[in-house]
């Protein structure tokens, strides 16, 4: 497949969904040309949103990161995180008791609900867990993996409760060649050992795309044909967008390198509608 | 958990989503009391839809089966099958070439599109497959498993195309104690051997619930709080409804027996809002 | 890693274990130079055996194929097939009843035992299966996949019996670019649907190496240090030999192509002691 | 299946292989009647060995635990741990460089080799890991799971080295109802994220049975027919013994409770030759 220029493609759509990591930013900060591109979209009346598998920080805090880097175009309303789907689940389905979570205190933002208490697994006394009514995997930080994952497994052996995984990613990049294990991989291990079926939120599942379309996109006349998903990962962004029924654009500024995108597409059979070097083109 | 009477529960909702197999019918035919229950819903202005993991027959043919059994309350508009999501994908994302499929000619209904040709794997000549642009798993019948699954695997080794699985179920009941292997299990085997990532439609994935809500439900004022999902399977119907954010009701007339539903709920951690012996109660 | 010449390496060992497919032969017949190499081994008093994941034909029939191609150096005593391990299991552990199998009549050779009856799944009446005491997956031919795999699944739902898989391979080559699905992949699908734990025989499991060393190798003084495993597959031959504790040699005449062996070794982390273009070098 | 008395069964064999946990001891200590049973075996000239999935401590230390509890019948020669297979692999296959490990310093006993250095992952500097030639998972203790598992994953992204898992268990019991996550489950998570193929040692794989038979059993005339494997787990001890071709005896003093052993055997299709309440019967 030939490479396209991103701005030419963007002009065909009313709404653009961006993945964050590898598309707008990397471990080093905002990618060059992102601000100009967002201004270009605004000038052309193209709306945009950031869809991110992240439940470690609230949209307020996520937006603060962009603002600190001078990207004021991304406002709080424009960020849709997988944590927001976990929050919707808690609001709809958990009515009493305490909600246990794995993550930092900042991540617990997503599971707060009037009248309900939250408790970090690290503070949970397993002997008095009879009132725990749900467990949520939010972040890979904020607890001792050895002690608290053992405690989590034993909680699930004692309490028949729904388990929500608010970030399905397996790893995330932390340096040029280094990655860190994400809470999604930790949840996979515990699910297999506990022999439960967990509830997962985040790309590639279609629910986050639908949530964005229903709750965020301002232009009610926009249909699936008017939306483009832009991402750096075939197995989350591109297959997710394809399945949801919107057009997709792979960028080569993150997960997949320019030298092997053709092999990756061919071997996985996941085919984007467009490929661009980056969103700055 | 205590058992509830279905009609009492139904009165709390504006819209009911029913699974078909094990809820409305079994291998022996329509379950007793189903017609009376549907009339009761109509008398009380409660709308209802059938959400089924099935791509073997068109909604027309599915409805005919109900009508032949005297259930005229289920009209074509009320049936949402996973095949319809495959059709939406084909309409949105496949623009040229031939679409290969595994299934009967009746199932090919779902993948017909103006200007495109369809070809059953059993009729495909693997030497001239260069114009095949998608592959769809529709049904476990209509082809020779040995010859044609080998052909399917080799097609995927030659052509980097998207693969759609229009029914994710592993087995389906065919007699009191006997089951048949469903096309979903066959697709799992081929996906693993081909090392591709297939696109799957059907419960428990939220897309079929969303499709029903957007394209079928007539009352536009109905929100997720107004909808109840009724099913006999924890791992497709109940977890799917829970994840989508609607209330769920497990019935014990199919997959799960009255003597072990408590153990099943406890061991899987998938918790319905209500449990009823059947929809006839 | 640098390529070595096979004959130079062979001289360091007392015994050589060869994989068959991709090492001694392909779908087109015996590879060039194999006969000369085997004569070279005999002249240098190096013993050799063929270790093959195959239960479709008896060692007699397997040897006949070599003899017809002029390779008389491979005698019946020199062939160790995974079917022979299935036979040992049947001899040791099944004492009465009928043994059901998936495969041709030729493959049933491996499961015959004095006083026991065998029955092909295609001839089994599921209504009178109460005396079936074991099930063996032998070959992908000899039965109707659709009808008889459904029958197999229902047999396992009725009878709590051990299930033996006599060939763990997922696919096998049948032409330059085409493969066929092997009985190992079929068994994986049925095992998952039946939620049983099957007993598997064949490389990479160490049992076939041990069987060869104990039952075939004539020189009782030969230790693991005196044996070399030669194969074309990292995930069966090389990891199997490495784990068993013998030296290993990858050849590039089959499964892995000369242009990507370095990438494959690096990405899998399975490291042979030597690499040769073929056994003819 | 009917329950048998263990001593009556034992008299039919020359050699008995015992699993340790759930058979001879639990988290509370040695099970009642074990010493008397071992004395009974000695009086009847029946030899015995302990086969355990454990690489956390050397046989010396494992034996010390029995001796402190008064079980002097279990000597160092009688303990075969999965760590000993990892040691054999290192001796045979790793010739230079440093061997990295996850575990305590006590567990590193298994991977020491003349001329080679070992390094705990917790002490490894990832910037200077170019001389690391193998990685071994030994124990779930001795390192920080979060920091050091991330370091392990990045080591495997940088170095194409063999990875050995010296204990395949997923969990182990630590109190009446509580379990701890074992190093086998941690290795599964890392293997999936790194997309490598690890080498595993321990039951149910046949290699530990073969190692015991070849290296430990004193009576060289003993054949597989003379050996009985006694264990509390169907999926490690019983299927492992069955596959290796020796008789098997399930005891109900550990993993599987007297009230559900019939259901477990039926649902898994793993069938022991005998069942006993405990080895004290």
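Couple of notes before you dig in:
For clarity, chains are labelled A, B, C and D in written order, and residue numbers in each chain start from 1.
The rule we apply is simple: a contact is a pair of C-beta atoms (placed from the backbone, for glycine too) under 8 Å apart; a residue touches a chain by one contact, two chains touch by 3 or more.
It should be emphasised that the depicted structure is a prediction, and the values quoted were computed from it without experimental measurement.
Touching chain B and chain C at once is no chain at all.
Each step here moves to a touching chain, and the least such steps from chain A to chain C number 2. Distance from the chain B centre to the chain D centre is 45 Å, each centre being the mean of its Cα atoms. Once the centre of each chain is set as its mean CA position, chain C and chain D turn out to be 28 Å apart. Rounded to a whole number, the gap between the C-alpha centres of chain A and chain D is 40 angstrom.
In chain A, there is no position where the chain touches two or more neighbouring chains simultaneously. Touching pairs of chains, sorted by label, consist of A-B, A-D, B-C, C-D. Here chain A touches chain D in the complex through residues 126, 140-141, 144-146, 149-150, 153-154, 157-158, 170-171, 177-181, 185-186, 188-189, 192-193, going by the rule given at the top. The touching residues of chain D, when paired with chain C in their complex, are 88-89, 92-93, 156, 160-163, 194-199, 201, 205-207, 210, 224-225, 234-235, 239, 242-246, 265-271.
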